[in-house]
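Both complexes below contain chain A, partnered by chain B and then by chain C.
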Partner chain A sequence: MLRLAARLSKVSTSPLVIPSSRRLSTSMVHLYAAKPATPAGKRKMAFNPKKGPQQAKAKKGGMTHLEFDDAVQSLSFEKTATNLGELEVPSLNYEQLDNLKSRVVKYVDSDERILSNLRSFKKFQHNELYRNPVTLVTENTTKINEDFVSKLDQSSSKENRICLTGTRGVGKSTLLSQTKALALEKFNKDVILLHIDAAENIVNGTSDYIFNTKLDKYQQPMFTKRWIYKLREANEHILKKLKLSSDITFTYKRIEHNLKKDTNTLFDLLKSNHDFGKVGQTTAFQFFLNELIHHSKTVPILLSIDNINAILDFPVSKYKKPDFTPIHISEFELGDFILKFLSGEQSFAKGGVIVAKTGMIGAHQKTMDVGLNIEEYDPYAKQRFFDLDIANSLKKNNGVKSFGVENFTKQETKDLLQFWRKAGTLQVKEFYTKDVFVTSEELVQEKANQAQDQDAVEFNPEEQFERIVNNQYAISSGNPHYLLRATTLSY
Partner chain B sequence: MSMIRGCSFKVAAYAPRVLRAAPRATPLITSRFNSSSTTKKDQDVSLLAQVYPINKDTITEEDVNEWLKSVQTLKSGKSVPETETEVYLSQLSNPSPFLTEKFEPTEEQLAQAEKYSNEKVPILTDPTVENLINLVMRHGRKSTAQKTVSRALYIIHLKTRKDPVEILKETLDKLGPLVTTKVVQTGTAKNKIVPSPLNRRQRNRFAITWILDGSDKKKSPDLAVRLAEEIISAYEGKSSGYDRKAQMHKTAMQQRAYIQL
Partner chain C sequence: MGVHIFGKSIKHNYLVRIGLSKAIFGIGYNTAERICAKIGIYPQMRMNQLTEPQIMDLNKEISNMLVEGQLKQKINNDIKLKRDVGSFAGTRHALGLPVRGQGTRNNANTAKKLNKLERFRI
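Up next, the complex of A and B:
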């Protein structure tokens, strides 16, 4: 009986009908063999995606989960920096520019906010070293002021087109920021800044794109929307002053908005019109552009584009057409806008176009060099290195002028290092010498000898600073990038 | 080259003989820039010139005969010259011992040597930082290790706004243990655990190893960031390395009976 009970305990009941001879049974339940028991220590665990893996990972501590480049930017180190007021750093001033030569300056607070909105302060510029972004007024600044900023209100953008060239780290992006700041100062913020901080984002496949049959161009709603947002934030002061030159009607959330001519402002347009980011065909950007061209008679407009060679030297984008052929930069609405203003085909009545190359890419590309008359046209150049149409468009209307950004002079290097020394970035100390391990008795003896020795060489910080200046200048040839690296990232 | 220089030297020494009655000509200055060759007039007269009577106003027939006789004597195979003329001729055929240049520093060089006599030779990096770099290095990739350490020190500078090398040194000083224990085999059943003092480099090594262990527990994927975080927390006295240091000191204290003085 007991044995039977034990056997019964090993079987389970099931309502299922099992095809066997037991079907003939009159019993209401069918008996079948139980599954073998799972061996001890191998319990089957069902995976629950909500709970995740059973063993929770030990939490790791630390300031950040980011890598170095992002970490130094995101950890707000600038808050721990010395206040620039204590260092007596002057502000970049258009009127006093001659007096500021070879001096480290900061931007005027309002200008700094505008430049920050336009993303003019980039990663890897080591802006975390100081409370506010600082810059050195160099010969380049004076020259760009004469060649470009002074002409902003005197000539059309067609006659005022400049491309900043130079080796990697020479300060092209910084000079672009200085140019914008000088323009803001010169016109007392009554200037419209159109700045694209990274032109490669137009072609690198990071945004959505749709074809506009009316314009026969591809639009990039997300990119355009984000850019317009930056422009609105940066140019709020001047855009609020400019009235619309024509009426416009658009719909947002099923509500029709009517903006009236001479009543509503350009700022209202950018604030209320959400068609810039509409996933559908729209002419919102063209309307805004026409308004800008209209107002350029009174207000100078500065179009500045950084990393321009990312689109001019590599004009074939990562985006594809339905037939899977890649889309050319000129087939985008924004790409077309850039090319037209760069070639002078379209122009602002007052203003200028300033673009800067990046030294990080395109060392073997020929398009820009030929377009800027730096290199001769090679008829046998390969298509992937050279785009004849773009090179020709750069040469149109007397061509885009090439502006070679120069390295710092010795004096400028010295002045910059003097500032770094004052701010605590550069430590002037004795040269490192070989570590000598001595006993404590020997150490005491050595110190006693030093105290007695009147002729012992005393450390002269000024002399040492002079040596450091010579050394750093020789290492970097006055290139700010290498100068910074030699000072802050070489221990 | 030495032969050419030697020839020019000879001509200078012979000049009065050619000119006969003319006074001794000033020797050609063959010294290079910053050269060690001497420029003093009296030192230019070689032994050759001193031995042979070059100050004669005239050369007589006897002199010529003696010269020819000596030449023939030497040609015949005489190895040890005896007369003045023979000595002169033998030296003429082998002038190099008399033309060796001695290094004589200029006054400027002497002053410079004096100036730097008390100074040590500068080296590129701080030895402590170099030690850290070498311990961070894996698979011999030194420049990668240098980059990592430099970036870590940069973050330390940003966080503390002080000289990061000094902070590193201070941290290692604080974290490094003073004493360790060594197992000494006695040959009998029980081994002795003997406390032994550590020098600075050994202390640094312990501290750096503990810092590197601690940095593995930080969450950044970048070693530079993790290292910086750990050095900063060790500087603030929060590292787990302090427990290990205390443990080492405790063990040493327990075994202090075995200290051999």
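Up next, the complex of A and C:
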């Protein structure tokens, strides 16, 4: 109490603190004036002469700003990946295809360059695992060889139309690449490959578009120009051999160019004619197409399109007419070209049309399923799920054949994993799952026994590998995408 | 770097349809898409890809529309007319209260913020 009295006397003399009934307390602490709290954001930083003025830390740049799938492609990991030379991987060979069954193969260098120019190797295939893209020769490969590649020089493209179908990740795009490689090998590069790697780019609004009043179609100069560039790079060898069948005159940079029939080649046309990308009405693509049809009597032409359901199942594009109505795929010059060759309305004298669906989109769409006779036509189907005209066009001229791409068999899975093991992609380590189910008590007992008798437990890599094969095959059911994810991408 | 359309600077990497609707009062996403379709600008085109004639076309299209100051003036005039004729809506505008039957026991903050006789100062 004495202390409190002394404190009170101090408080009354202090000019800062005004004693009030609320502040009068028996606690000592409350008698002092509270220090004003410093706002968190305005804390003063004292200058420290030893440290000097504090500088902001320089931001460390990451390897990339891209997400995983894009990153592994753009970082070019394949340059430092396992060299296939040491593994003695055979090349995909048309003649020796039967001997290569169930073996991992690489593409012949020149073929690989061509396929690469055509953007056949996709980012989600994880080709960066090895120095060169590799592929497994499966039952699908031999079947597509018999059903399609062997007919390329024997029938017109009208009679040789195939659509690859199957679940996501089953290897439709890979089979498309194998088909092209087999065709190149079969004809010793004397085949014209027309490949569209992502058909959705025709309708997704990423290219400019202008209306051609003569053709009554919309042209897409940017897309056409890029596509023609890829075709020119990929088919240089054969295009240089093919002479023009008619004269053509065009202007580039105010200079008139005249290409003469039987003198200049198709390569000259694609090299010097810049009208494909001209923002104005042009018939350059039609001229090129007519030339291709003319030459298809001597040289087989393979038209391959990936992600075809992006345009057939979703035919209404993102583009709009001036009156704000959406443009249908058939109203585009390129869309019309695809539909005509797919329906057999137009045809190459020698060649084939092979298209592949993508499993990423269009699970509820009906157009392609009805067109390929996989599903019955439902007259009450809603317009956004079903386009009758396109379904009917697929059925024309005996229809497009559906080719169901199958999962790997167990043997194929084993062979692929064997290759991965040899290449160091798959590590065969002690595996903790068991063939037989045991209770936790039994497991503890087993471990105790192991601890007692070290020599009795021997790690057998072959048995372990067999167990991994069984396990991964069960997980993925032989689907290459899930097999890759389960085996190499998760650890 | 901005691209100047109708006196407004729009960031160079904006999509044209987004940039127009963000920058110009009176143009929303749908109107912007309609303008682009009319001129022939593709959906994924960006501001820095516009050519000089396309910018002129955009300016021409937008100048024929009721946007920016003129639109704001029209809105002000409409509110003023309602007040002048003595309508209920006009009174509510003048009082800064909700016009369309909303309750005022709680909230009504948007109305208190916006509903004035002169909504836009021009």
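Methods note: the second predicted complex is superposed on the first by the 409 of 491 C-alpha atoms of A that agree within 3 Å, B and C clash if a C-alpha of one lies under 4 Å from a C-alpha of the other, contacts with A are read in each partner's own complex, and residues count from 1 in each chain.
The rule is simple: a contact is a pair of C-beta atoms (placed from the backbone, for glycine too) under 8 Å apart; a residue touches a chain by one contact, two chains touch by 3 or more.
Nothing here was measured: the structure is a model prediction, and the numbers come from that model.
When the two complexes are overlaid on their common chain A, residue A:Ala363 makes contact with neither chain B nor chain C. In the overlay built on the shared chain, the residue A:Phe68 is in contact with chain B alone; chain C does not reach it.
Using the contact criterion defined above for the overlaid structures, shared-chain residue A:Leu489 touches chain B, although it does not reach chain C. When both complexes are overlaid on chain A, the residue A:Lys60 reaches chain B alone and has no touch with chain C.
One of chain B and chain C touches more residues of chain A, and that partner is B. In the superposition on chain A, A:Phe324 contacts chain C only, with no contact to chain B.
In the superposition on chain A, A:Tyr209 makes contact with chain C only, while chain B stays out of contact range. In the superposition on chain A, contact of A:Thr80 is made with chain B only, not with chain C. Look at A:Glu128: by the touch rule set out above, it reaches chain B but stays clear of chain C. Comparing the two interfaces of chain A, the one with chain B and the one with chain C have no residue in common. Those residues of chain A that touch chain B in the shared complex are 60-68, 71-72, 75, 77, 80-82, 128-129, 424-425, 427, 429, 431-435, 437, 453, 455-457, 488-491. Listing the residues of chain C that touch chain A in their complex gives 33-34, 36-38, 40, 42-45. Touching chain C in their complex are the following residues of chain A: 204-210, 318-324.
By the touch rule above, chain B contacts chain A in their complex via residues 115-116, 118-129, 147, 149-151, 153-155, 157-165, 199-201, 217-222, 224-226, 229.
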